[in-house]
Amino acid sequence: MDAILLQILNGLDKGSAYALIALGLTLIFGTLGVVNFAHGALFMLGAFCAVTLNRLLSLGFVPEDASATSVGGFSFGAAKETPYVEHWFGESVGAAIIDWSVPLSILFAIPVMIGIGVIMERGLIKHFYKRPHADQILVTFGLAIVLQEIIKFYYGANPIPTPAPEAFRGSFDFGALVGFDPNTIIYPYWRLVYFAFAALIIGGVFAFLQFTTFGMVVRAGMADRETVGLLGINIDRRFTIMFGIAAAVAGLAGVMYTPINSPNYHMGMDFLVLSFVVVVVGGMGSLPGAVLAGFLLGILESFASMAAVLETLPGINQIVIYLVAIIILLTRPRGLMGRKGVMEE
Amino acid sequence: MGILEIKNVNKRFGGLQALGDVNLSVAENTVHAIIGPNGAGKSTLLNVLVGKLIPDTGSVMFDGQSVLGRKPYEINQMGISRVFQTPEIFGDLTVLENMMIPIFAKRDGAFRMRAIGAAASEREVIEQAELMLESLNLADARHDHSAAMSRGNKRRLEIGMCLAQEPRLLLLDEPTAGMARADTNNTIDLLKQIKDERDITIAIIEHDMHVVFSLAERITVLAQGSPLVEDTPDKIKGHPKVREAYLGESA
Amino acid sequence: MSKSNFTRRGLLKTSAVAGAGLALPTYLRAQEGGFTNAPDGDTVTLGFNVPQSGPYADEGADELRAYELAVEHLNGGGDGGMMQTFSSDALQGNGIMGKKVEFVTGDTQTKSDAARASAKSMIEKDGAIMITGGSSSGVAVAVQALCQEAGIIFMAGLTHSNDTTGKDKKANGFRHFFNSWMSGAALAPVLAGEYGKDRKAYHLTADYNWGYTTEDAMRKETEAMGWETVNAVKTPLTQTDFSSYIAPVLQSGADVLILNHYGGNMVNSLTNAVQFGLREKTVNGKQFEIIVPLYSELMARGAGKNISGILGSQNWDWKLENEKGDRYKGTNAFVQSFGEKYGFPPSQAAQTCYVQTLLYADAVERAGSFNPCAVVEALEGYEFDGLGNGPTLYRAADHQCFKDVVVVRGKENPENEFDLVEIVEVTPAEKVTYEPDIPEFEGTLGECNPGA
Amino acid sequence: MLGLTKKDFALLLVVTALALFAPFILNPFPEGSGMAQFNAGYPDLMQRFAIFGIFAIGFNILFGLTGYLSFGHAAFLGVGSYAAIWMMKLLTDNILPAMLLSVVIAGLFSLVVGYISLRRSGIYFAILTLAFAQMSYALAYSVLTPITGGETGLQLKLNDPRILDAALAPGERANANLFGLDMTASHELYFGAWQFTFNAGYYIAAACLILAFYLSIRIFRSPFGMMLRAIKSNNTRMTYTGLNARPYALAAFVISGMYAGLAGGLMVAMDTQVGPERMFWTASGEVVLMTILGGAGTLIGPVLGSGVIKYMENIISKINGSILHEWFSWMPDGLEDALVTLIYPFVGKGWHLTLGIVFMLVVIFLPGGLVEGGQRIGRMFRRNGGASRAAKDIAEQRNPAE
């Protein structure tokens, strides 16, 4: 029982990452009808916003009395630096600022990612709305490669550790809180933060689409693009904004993900295929479907990784997501909550 | 006994009774129009006939055989062809190729692998297709891209493609919807010509009363999923219930 | 024409008609030499086949730096690096056998197909006489097999799986790097000393060949000294979030977690394990510990602070000579020339690649020929010293180097990003030596192939 | 001729000539010159051009004609490869049975995958095929290690059974051959500073490519091909014309799966090794990109697209800093360094960046892929009155619909 509860918790957490990425992807799919293979790259860019801010804040100088490590007469100059922020704001405040660089990156990433999204849409994607999906795939895939390589050029291929604030490191004993034995269900603080953050963003996007005129038009657009076009609403500008929002959602998912796994330049590709599976299993053009599928697949993946399950079905952890995707798509033609006629051709 | 016999067909979508006890008989070699206000169940009925929807109860017999439970392409192979509200043609193919496909379908059935010979050397099929195009006045456009044609010509092509299969029943779903007057008249003429030249039964769903009264020999009026009246055009024109329910007093 | 690798040449001639005119007589570049790509000018070309794209690109870049440095030294440039300390003095700094060393590079993408394509282009197009590099066992095994077929010497780069000099060993292939078995053997005594002989271990294992051999080695060695293996769970290579594998560890009653992971897998699983607070737990009255059998500097950098206090093994470390003395001479010479050129100390991948290049060049000099079979003969059973790892033997039976293994621990407070681990102990070569015919290393070496 | 129209036959002749004279065409630069770096006329790359050409031609029969976008075709290539290597391990080193089996096994596997996946269309179909391929990859990498060799894959070993072959003499190794003709056998021709390599394996692969290309023309022009285009154009009309679209699509799927199997078998025949990453989704994605890059739905496009991608992967990736310096060494120092710094990010380890930029440029400026580029050049020639036959033929292969 506690083992299952534990995996549900893990699954919710994995699922919230899947759901966040899939949410942005399906916004672009559903509203713009564009197969965006660069969405994973947006997630990656978000993560590197956090890395960049962390680096900027940690920029420093070498105090004069610092000693360098030396080997056989050769010394490496990379002695400990004192960050400027510590110099300017005092040691404790400066250290705290660096410590909190990941949450601070949210503020940094929102304008950056919206900017990237808008530039991407205006500069490139806009011209591909009426082109075949194949062309969209090629151009966005090309863009994803270019973005990745730029990041690789500046940051290298190795993962870059980007820790959570000290206060959120480590874990708490969730099991003990709800009456299980100690140490049976432990849960890292940051993952709880990530889950709450994902819930907030998902809720925010839904509320935005539900309660604003803008959202109403977009939802109408998702239901029937032609009608909205006939209404004479400036759908172009709204689509641009929508793309910006989707980019920001992907970027924020990336920012907050950095303490969970050290980001590297190809992390977007690792998530790309999975997020496509999530979106499609959820059903094309359905936001709740994408979120539901994200959590569902996250939880199933967690269950499949249990030792007891692996003993009876070796290798099930390798394929569970794809197997479930096949079963769902065969039993429900348009995924969990897909609408008819979206991307079926 | 008509060529198409619809008996006690019911279809519900959730709480909505789309079709309620529809009974309809279409006599062979007649033009039968089905009219009715929006939401009367015309499209649902049509989708039942072509196998896209399966009714909850009732039977649909075509030439003595049930069509229910068969796939659309099987029903087509039984001899029912359908013309859509917006012309459905193979836009990426040339006009001639468009016309060849139904001839292949007629000759080879629903599936036959012919991957070795060249389509261009199928003399017989091409000849038939060209004859058909000539009778439709589309012969000059045979190597054109069908997507580039006018809507009227697309409609002609689509009707021609259906005829090329030599169906026994031709279903037309608002064939002149959204068309200019001239195109509408052309289509009416084409259908009249077909009616005169061929042994064919035509069932037509239409809003445009001009079209209906130009072509139909019998008319069924549907309202709220059930047939209201069925009669000859003249009788229908004067029928008080119809005027009230559908045409409106002013018509 | 006297020697041919295409052993079916006789058949080939008789079937010329069947071949419809395609069966042209075979002859390859510089046939006179009697072996593939015999260098005929005043230069000799080496092929450096390293990952330049994909997750191991940084490791590949470091390997490439080492290769370029080795070429510089062989050609008499720079300060000569380890050539000054090398026990053999065959190398004069005038290239190899008087021929200037040139090199070509390629991208393995850490995929065996791409690695073979790249290696083949080096052999077929650039006339490389030796191929070296790689940062995964899949690639090493694939390229080694290719070199065996083509009659080229393969000097493996970073490859740690038993298979490279075990199941898939080849006469034309040589490995300087250590392997899973040695990691287990080297770690076990240190683990017993540090954590005691009564421990319960939980293994997370990457679900592919290297993972299997590493888990095997670790289990065998730790169980032999009294540890109990509570559970061993396989994780997919493509896994990025290991939470669902880490979370049940505590429940199982284990007090040690062994992460048989490498590269991105290791960075992520270790990060996750620390996130779950495993290191702060006390289980069975003991401090919970995490072990990473194979360490690398780049992985350590990727995992950041999470590696502090975590034990693992390495082939070499740049502080070895400073901390453990003269036995490891060559280390400082290498670190100095590498550091001067690039501004930071070399990784163990760089060291193994540098050493492999030097060893190849030295073998050619000693053999007096570029002929692969002569090189194989010169390397087999060769004992040398002064290349940073202490006295080393290239064993004839399996072409595996036997030398000391370094056991390291992640530093609590690293001075800088290059100084992330501290050397705990060096397990001497005798303790990590095994018989060449034990079941884990079963395989046929075959005979050397000189090619055309 | 051969059941082809004049134009198609001319195209076939062009492709045949390109394939036969590839060793010359791909090695335009003399050995030892700075430009020799761009030579691609060595056996391995020529073989890869042919093999991936076949793979893409087959993929195009499915995607280009029916519009069904499979994201899992690499699985068929991989399965074909495994079948071939097992055949060579167990039965004989002759590549013929190996290649036959790889086509058959890939065909059977694609029949199963296609039968299930074709129950859905559009993106749902794409994800189903992707799921099958990813499962194949993951299992081949891990739990199926006893059959697939896992991470390290399968190679020929000295102690393989090889029932039909005579025992190896001491010192002899197992070589892929066709009735004794060794796939690695090469003939080299020196012509001044030029060097041309004629490799037996390449010519086998080229023969397969020509045959595959010929078959694809026949399929394109057949009534079956017309039906496939009809599926892509309007599935509704297809159904309401009494045609069952699914077996047509399935047939196309299986045919393209068999092409993939042939490509996989050839890969083993040319280079006796199989690894599971051949089936990873990026490999499936690559053939999609090859086809679109060249021009989906055109006859020659996929061959061009695969050629460009493989060229970048194998040639551009090998240009490193020292080669750049060599090239520009005649320049003044400052200029040389500036130029090298400018170009360096795009070559060698940056070859992916160049690939990404090429993808974007092609799709932005040549919506119909590289073939459209040929088309435009062809038009330019025609305007100048001197239309070259080949350019025109290539240009007109494009479906006007695209």
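When the chains are written out, they are named A, B, C and D in that same order, and each has its own residue count from 1.
Criterion: a contact is a pair of C-beta atoms (placed from the backbone, for glycine too) under 8 Å apart; a residue touches a chain by one contact, two chains touch by 3 or more.
In this text, all values refer to a predicted model and were calculated from it rather than measured experimentally.
Q: Could you run down the chains that neighbour subunit B and subunit D together?
A: none
Q: Please indicate which chain is farthest from subunit D, where distance is taken between mean Cα coordinates of the chains.
A: B
Q: With contacts defined as at the top, give the pair, A-D or C-D, that has more of them.
A: C-D
Q: From the C-alpha centre of subunit A to that of subunit B, how far is it in Å?
A: One centre to the other, that is 51 Å.
Q: Just curious, how far off is subunit C from subunit B if you go by their C-alpha centres, in Å?
A: Their C-alpha centroids are separated by 73 Å.
Q: Round to the nearest whole Å and give the separation of the Cα centres of subunit A and subunit D.
A: So the centre of subunit A lies 34 Å away from the centre of subunit D.
Q: So the centre of each chain is just the mean of its C-alpha atoms; given that, what is the distance between subunit C and subunit D in Å?
A: One centre to the other, that is 33 Å.
Q: For subunit A, write out the residues touching at least two other chains, lowest number first.
A: Residues 314-315, 318 of subunit A each touch two or more of the other chains.
Q: Among the residues of subunit C, pick out those that touch two or more other chains and give their numbers.
A: 53, 57, 61, 207, 234, 236, 238
Q: If a residue has to touch 2 or more other chains to count, which residues of subunit D qualify?
A: Counting only residues that touch two or more other chains, subunit D contributes 138, 141-143, 352.
Q: If I apply the definition of touch given earlier, which pairs of chains qualify?
A: Result of the pairwise touch check is A-C, A-D, B-D, C-D.
Q: How about subunit C: which of its residues touch subunit D in the complex?
A: Interface residues on the subunit C side: 5-9, 11-12, 14-15, 18-19, 22-29, 52-53, 57, 60-61, 68, 103-107, 111-114, 116-118, 120-121, 124-125, 136-138, 141-142, 145-146, 148-150, 161, 163, 168, 207-210, 212, 234, 236-238, 444, 446-447, 449.
Q: Given the complex with subunit A, which residues does subunit C contribute to the contact?
A: For subunit C paired with subunit A, touching residues are 53-59, 61, 207, 231, 233-236, 238-241, 243-245, 247-248, 250-252, 264, 267-268, 271-272, 275-277, 280-281, 283, 298, 301-306, 318-319, 321-322, 332-333, 335-336, 339-340, 343-345, 415-419.
Q: Looking at the complex, which residues from subunit D come into contact with subunit B?
A: Where subunit D meets subunit B, its residues are 3-5, 218-219, 221-227, 229-230, 232-234, 236-245, 247-248, 251, 255, 399-401.
Q: Which of the residues in subunit A end up touching subunit C in this complex?
A: 2-3, 6-7, 9-11, 13-14, 17, 69, 71-74, 76-80, 152, 156-161, 163, 169-171, 183-188, 190-191, 259-262, 264, 266-267, 270-271, 301-302, 305-307, 310, 314-315, 317-318
Q: Sort out for me which residues of subunit B touch subunit D in the complex.
A: Listed in rising order, the residues of subunit B that touch subunit D are 50, 71-74, 76-77, 81-82, 84, 88-93, 97, 100-102, 104-106, 108-111, 113-122, 145, 147, 158, 161, 165.
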